[in-house]
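Paired with subunit B in one complex and with subunit C in the other, subunit A is shared by the two complexes that follow.
So, the complex of A and B:
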């Protein structure tokens, strides 16, 4: 089978960083999808064993305060992180592309209005938004996703807009304009496909930020609520008992967060290397 | 340049007001009347009405907003609903602590990032570069609070050389070793991931600058390699880095809030969290305003710094 040497597939598979990232993320996704099959116990069932046991042959990662199997909870926890990451990634991408392309290509008043709004949103740190949202509504994974989508869209819009501004000057765009193609058509046919590179990179990076954020906010009690299996929530349970519980209890959920975020970061970096190799 | 400054400052002020409006409206959308929630079981309906009248809660929202702003501008931040303290007092105690934490973390981040970033740029492509850059990505991927927990596990629970919680921090004890013992772990937990981000930016900027023509010129003039690196390249990398510090600020802030929670550090972050958990809306409003204000101010300062360092911006 002949693979073109410049095709995306070829370039991605030759880039070590991106491949490591893809492998890690795929493994976590598989873990999430196959959770009911690979998890040894029900993650919500309490008193399966004595509470706060160290890892042993019955419970590979030990048990938590309520006697639940930590391994099963970790496996199911991947679902929470991935759902959050995917939702925020896609929602913010969708909104950012719409706003960014419009602001960048159409320009004029629309651009000014959109960018003023974006600048104001960017002036409030994301975590503050998330905390305020949690203060107003009953905190849950859903509120976290909404708040983070808000936060990530602004920066994303800026990135898309810059790209659209640059693309506006391309010859083929000018040519299309000169033969009278509608602005909408030009946006969809010429500008959008060329922004996909940075869009995917940004999605990967946003997803990695989301995983950390969700874990952090759930850690504070303002995100996923018990008995959710969010890794951040597990860490908060662990950190209240650092002197009493087995050390693995505090280390393992964090380790999984780290690995997933690392994978997503490698993926984003790898894609960025492919797209813009000067900076290697 | 003056025109640029004026524009930026004006925009900052507009943004602050816009944020205050947003925060005010958002908090007041919440159904439920704060007075009856707090006092409902003690007072009669009529007394509740009187209190509402006194607090001006029956006025239309826009009037309430203007009253709030007026009071704020004169320094009256109101009372915390839950704690019956003056909010300004609470903030006055918490703010210096957080400021200190932020500055220490930033210093750690810079001290670690600059040497490492420079080395990776100089040795780009070698094993050292891969190792150090990989380390940087690793630290960026660390959840800040997990890093904090790990530090506690190792240093406080395991080796027992540092205390695990920072309850007794106060500015008066500034000069005692005790104070710094309590500050080290939180600053490391925040500073190291920040360093990771900075390393990457420094690396990119230095590589970018190394290829520029002025470097060849200076080299042709016979300047030593070290002098080139320090005086010329680093100086220009500094320009980009100052903008990045503005960007890193958001992460810094987020890290501060979470780390203060882990260590129980009595700063603005912990204050915000407590207010949120207790639904202390007046306090939440003010604290969010303070955070946003700080954020905007620092971005403004960074912008000004940037325009001072890079004359090209001034001419725009």
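So, the complex of A and C:
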């Protein structure tokens, strides 16, 4: 089968970064989807073994302070990270595309109003938003997703807007205007499809930031609450008993967070390498 | 005498920048008759493109316009943009831009883009099969080889000449009354240039479209246009029937332009570039725009702006001391 040299498939498979990213993310996604099948024990069941056991043949990653199997909790924890990443990624993409395209292409007062909102949002640190949201609603994964979506949308909107501004000046956009196409039509058929490249890249990068932030916010107690299997929460539990617990107890959740974030970052970077230079 | 379908009267276009004003068009008047090809010739910055873009109201918002552009009894400059979009763009007037490599959307196939243009035609075709037939017919007419293959291709897979033909095909299938071709051959090889111009002249013959052909190439225009308009510094300096303007230019600018075309054969002594620089569009002028560079300039030329005067049938000159 002849694969065109310029096809996306060809370029992706030749880019090592993107491939590594895809492999890692796929493995984590499989882990999340097949959790009920591959997890050896129920992640919530306590007193399965003695508390804080080191990794052994019964419990491959050992047990936590309540005797729960760490491996099963890690496996189910991938769901939390992925749900957070996907939700924030998609919500922020949806909002950023709407605001960014409108601000960039329509311009004028609309642009000014939207960008002032964005500026206000960008000036508030994510943690503060998380704290406020957690204070208003009871802390949970849901509040984390709200807070992070808020935070990620603003930077994303800026990126989309600048691409829309550049596209507005392209001759083929003016040609479309010259035959009588309406602004909405042009936005949807010309501007939007040409921004999808950077949108996908930004989604991947936002997703990787979300995984880290979710872990961090849950670590601080402002996000997922016990008995949730969030990796960040597991890190928090481990940090409180660093001297008593086996070394693996703190390292394992941290390692998984690291690998997933690395995978998503590689994916995002790889996509960026693939997309820009060669298409031009 | 055929009727006028477009009249531009004393058009002025100023671009309002934050710290200065650009006088893109200082005073342009010309008209287009039914079924004629009219050439607008001028150097960069002469205001030829901006004048034509104004007929479609395709200019940015921060501008000030004066004068009238009349089509079908309506003054385009006074109408709402949505009216212009619905009635003029693609319907009365369509435009072919200079660089065909960027005039087509890179992510959609040719067929897709042509079908999209059909949506903005005055009379819709409706039936999808008939649409494809129509598109292939038009491509055939424009001597595009293998049109059935071409409609599935993407712009980057085609040559410049081919792309320009497709852009013209899109303008054609809109069947507007007027086509404005803004330097359609400037970015093409010389051998392709003539082919493209042949295609455009057929538009007048076979489709009864009127064409405004903008170029900086006087010789090219002289071969194909019925009438010519010579612009410089945002003003029309001379206009009239092509053979008169080309063979008997009365404006010193037109004469100078003709002299600075390097001759391939014959008398090389006649070749003489125009001294000086193009008029800065930010400069406010008191007299003739060409005065600083004109060999025949006298004191009056710098102090008073000459008016466009009629000197014959369709013949107008803007000069105090025409040849």
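Here, the second predicted complex is superposed on the first by the 275 of 280 C-alpha atoms of A that agree within 3 Å, B and C clash if a C-alpha of one lies under 4 Å from a C-alpha of the other, contacts with A are read in each partner's own complex, and residues count from 1 in each chain.
Keep this in mind: contacts are C-beta pairs under 8 Å (C-beta built on N, C-alpha and C of every residue); 3 or more make two chains touch, one makes a residue touch a chain.
Model, not experiment: these values are computed from the prediction.
In the superposition on chain A, A:180 makes contact with subunit C only, not with subunit B. Of the two partner chains placed by superposition, only subunit B is touched by A:136; subunit C is not.
Contacts of A:86 after superposition: neither subunit B nor subunit C is touched. Looking at the superposition, the partner that touches the larger set of subunit A residues, subunit B or subunit C, turns out to be B.
By the touch criterion defined above, A:120 lies against subunit B but remains apart from subunit C after alignment on the C-alpha atoms of chain A. Judged by the touch definition given at the top, the superposed model places A:193 against subunit C, while subunit B stays out of reach. In the superposition on chain A, A:29 contacts neither subunit B nor subunit C.
In the superposition on chain A, A:66 makes contact with neither subunit B nor subunit C.
Within subunit A, not a single residue is touched by subunit B in the first complex and by subunit C in the second.
Against subunit A, the residues of subunit C that register as touching in their complex are 56, 58, 61, 85-86, 88-91, 94-95, 97-99, 102-107, 116-117, 120, 167, 170, 174. Residues of subunit A that touch subunit C in their complex: 108, 170-172, 174-182, 189-190, 193-194.
Partner subunit B is touched in their complex by these residues of subunit A: 119-120, 123-128, 131-132, 134-136, 208, 212-213, 215-216, 219-222, 232, 235, 238-239, 242-243, 247, 250-251, 254, 257-258, 261-262, 265-266, 269, 279-280. Across the interface of their complex, subunit A is touched by residues 11, 15, 18-19, 22-23, 26-27, 29-30, 124, 137-138, 140-146, 149-150, 152-153, 156-157, 164, 204, 207-208, 249-250, 253-254, 257-258, 261-262, 272-273, 275-277, 279, 281, 284, 288, 291-292, 295-296, 299 of subunit B.
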